[in-house]
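Every chain is named by a letter (A, B and C) in the order it is written, and numbering of its residues begins at 1.
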Amino acid sequence: MTETDPPLMRATGLTVRYGDRYGCQDVSLTLWPGEVLAVVGESGSGKTTLLRVLAGRLTPEAGTLYYRDAAHQEHDVFALPDAARRRLERTEWAYVHQNPRDGLRMAVSAGANAGERLMANGVRHWGAIRASTRQWMERVELETTRIDESPATFSGGMQQRLQIARNLISGPRLALLDEPTSALDVSVQARLLDLLRGLTRSLGLATVIVTHDLAVARLLAQRMMVMKDGKVVETGLTDQVLDDPQHPYTQLLVASVPQG
Amino acid sequence: MSHAIHHADAPVLEVLGLGKSYQLHLQGGVVIEVLRDISLRLNAGQCMAITGPSGAGKSTLLRCLVGNARADSGHIWLSTINGRVDIANANERTLLRARRELIGWVSQFLRAIPRVSTIDIVAEPLLAEGVPAEEARHRAEVLLARLNLPTRLWNLPPATFSGGEQQRVNLARGLICPRPLLLLDEPTASLDLENRDRVITLIQAAKVAGSAVIGIFHDPVVRDAVADHCLEVSPLVSL
Amino acid sequence: MSDAEFNFAYLDEQTKRMIRRSILKAVAIPGYQVPFASREMPLPYGWGTGGLQVTCALVGPDDVLKVIDQGADDTTNAVNIRRFIARTTGVQTTTHTTKATLIQTRHRIPETPLKAGQIMVFQVPQPEPMFRLEPRETERRRMHAMADYGLMQVRLYEDIARHGHVATTYDYPVMVEDRYLMSPSPIPKFDVPKLDQSPALMLFGAGREKRIHALPPYTRVEPLDFDDYPFERQRWESACALCGSRESFLDEMIMDDAGTRQFVCSDTDWCGAR
């Protein structure tokens, strides 16, 4: 990996407006394969809006977004035909919702949830699907004995793990995580963060993680972007931004975190 | 894959006109100038001690050298046979790469990822270089043994260790891969005399292997044992 | 009103043209559900109004009509529908599959192989195969538009996980020409292979849901399955008690209060002819 490797994703001047209010304003970023970028800010900062734009789920009124696929073809995400985008969504992209119920099918078993992408991508061997889903359940530390149970019977932490397995089973290259641990108890968060850290590294996943928790950013991300009122106020390496904050808002954020 | 360390007498580190201020927006925007026009040169195999009173900016200087503190002015040239990089003005990816491949950094306090065992923390830089897991683990064990860290602690995360134990984990992680530049911030502050002496030996070995070493040593014995040069950082009078 | 005062086949000519246009569209896109302006019929919804409208739009004075319900010509529903069409058209009716030009059916395909020139009209309660799996219609439409049918495969996966085999025994989902996922109406699994490459024209009418879909002659129809759990035809252990057939779909009849059982062909015409 060199500095001259082409980036996985290039966003320029992304702007979303809700009436007079900016969801996000003139946001640009570049993401390379294998790196983790944290987007940090408080509620209303625009970080989730930004994530949804990066996922192609919200069309900006201005700005461009390019994604380089596994075949090294660069695509304008918002010019992609629906079918092509849906294909990327179930192969190369992962999107993990804050509330796992938004990212799972509660009426269907855990195994079916985990294996759906395989089936959607044309895998037709039941035994192979079953084996893959078992493997992935183990990888996210879910008991495989519960493979046929509905996720409605799972705890929040387990549901979140299942959502992760469901997304990663297709071997994505880009992961977008929307506050993946915020809905969980503190002790459960820790385990999940470890899992995410391990997976992003072992899979070389380019990841954008939205969080309001600076400790999560420090743990998982090499780079960090701070957002306030829809704008990016500071970027840099995570340790730079947290240890040597430049912008007044960043200094406020950092100072607000009780030092453990 | 390692970056060949220079022959002795080739400058590895050249700092030119480094300046760093902090603007404290939470305190009315007051600007505190910490470093002004700092310059230094250091060759491979040499050690420079940064001295000066507490609060003068020694740690800030060290943190600038690793890119953690953002320099306002000046250059920090880090050179190897493959070329050179200006830490003070590098883009994010270049800086990440430089840290990974060129700089060993032992901070004053251990800030390790929670719930990861000591042996894994220490082996990690080797794994990042592509060393096979078995060998990385073995080398980590050897180093921890040299630092006299009890074996019963090796498989535990260091969060509950004593200050001295944590410091030795920190040192092991920073020293395990030879690097062109080695930065040490109070490496023996929490150690007893016996362990201090072990650390001195390790620093001397790093110099022999070709690393340029810059450190803050509160203990004059350590400083005298390892440092070839001193750089005094004086507190600045605010303008 | 006397019988003579109804239009031929009950529907007005404009309605027939509208339905025929929808049928043509359906034939042009095999397996695709074409919306149509379903009319009020003198049957409640759920009793075959869709099939009836298709039949009435197509029937001509020279047609020979057969109507079956669960394979039998003599059940109440079959009798009523056949009589209704006969009264409003005067066409010849028959119970013999071989003699019919137009066959309306609920829940079965006759055992006698169909010939080119014959038309089968199916009564369909719910034309959407993914109705229960995906509650949002917008999403279902997108899935059809993109041929994004992983969800249906998920349903089959669940069956195998739960029961060791696909538990669906009727209204088995099929892929038409590798493009559209289609509900073949609640015919038993047993009948699904008869759809593939049939020389007859198959039309499917759903009155309440206001959809028509179609399989033109010689269309490829494949039931969904897994490579290691392939589609299997239903089998019975016994033969038909009346005609001895081992190849037809058998109904289980309870003969007396003691619970004696007998298996007989569901297709009364087929059974009687043997």
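By definition in this document, a residue touches a chain if its C-beta (ideal position, glycine included) is under 8 Å from a C-beta of that chain, and two chains touch if they have at least 3 such contacts.
What you see is a predicted model, and the numbers here were worked out from it, not measured in a lab.
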| item | value |
| --- | --- |
| Set of chains whose contacts include both chain C and chain A | none |
| Chain at the geometric heart of the assembly (C-alpha centres) | A |
| Chain of greatest Cα-centre distance to chain A | C |
| Computed distance of Cα centres, chain C from chain A, in Å | 46 |
| Distance from chain B to chain A - Cα centre to Cα centre, in angstrom | 33 |
| Euclidean distance of C-alpha centroids - chain B vs chain C, Å | 78 |
| Residues on chain A engaged by chain C in the complex (per definition of touch) | 82-83, 86, 90, 105, 108-109, 111-112, 115-117, 119-121, 124-127, 129-130, 147-148 |
| Chain B contact footprint on chain A (complex, rising order) | 3, 32, 190, 194, 197, 219, 222-223, 236-237, 239-240, 243-244, 246-248, 251-252, 255 |
| Complex contacts: residues of chain B adjacent to chain A | 22-26, 29, 63, 67-70, 91-97, 113-115 |
| Partner chain A, residues of chain C touching it in the complex | 142, 145-146, 148-151, 153-154, 157-158, 160-162, 225-229 |
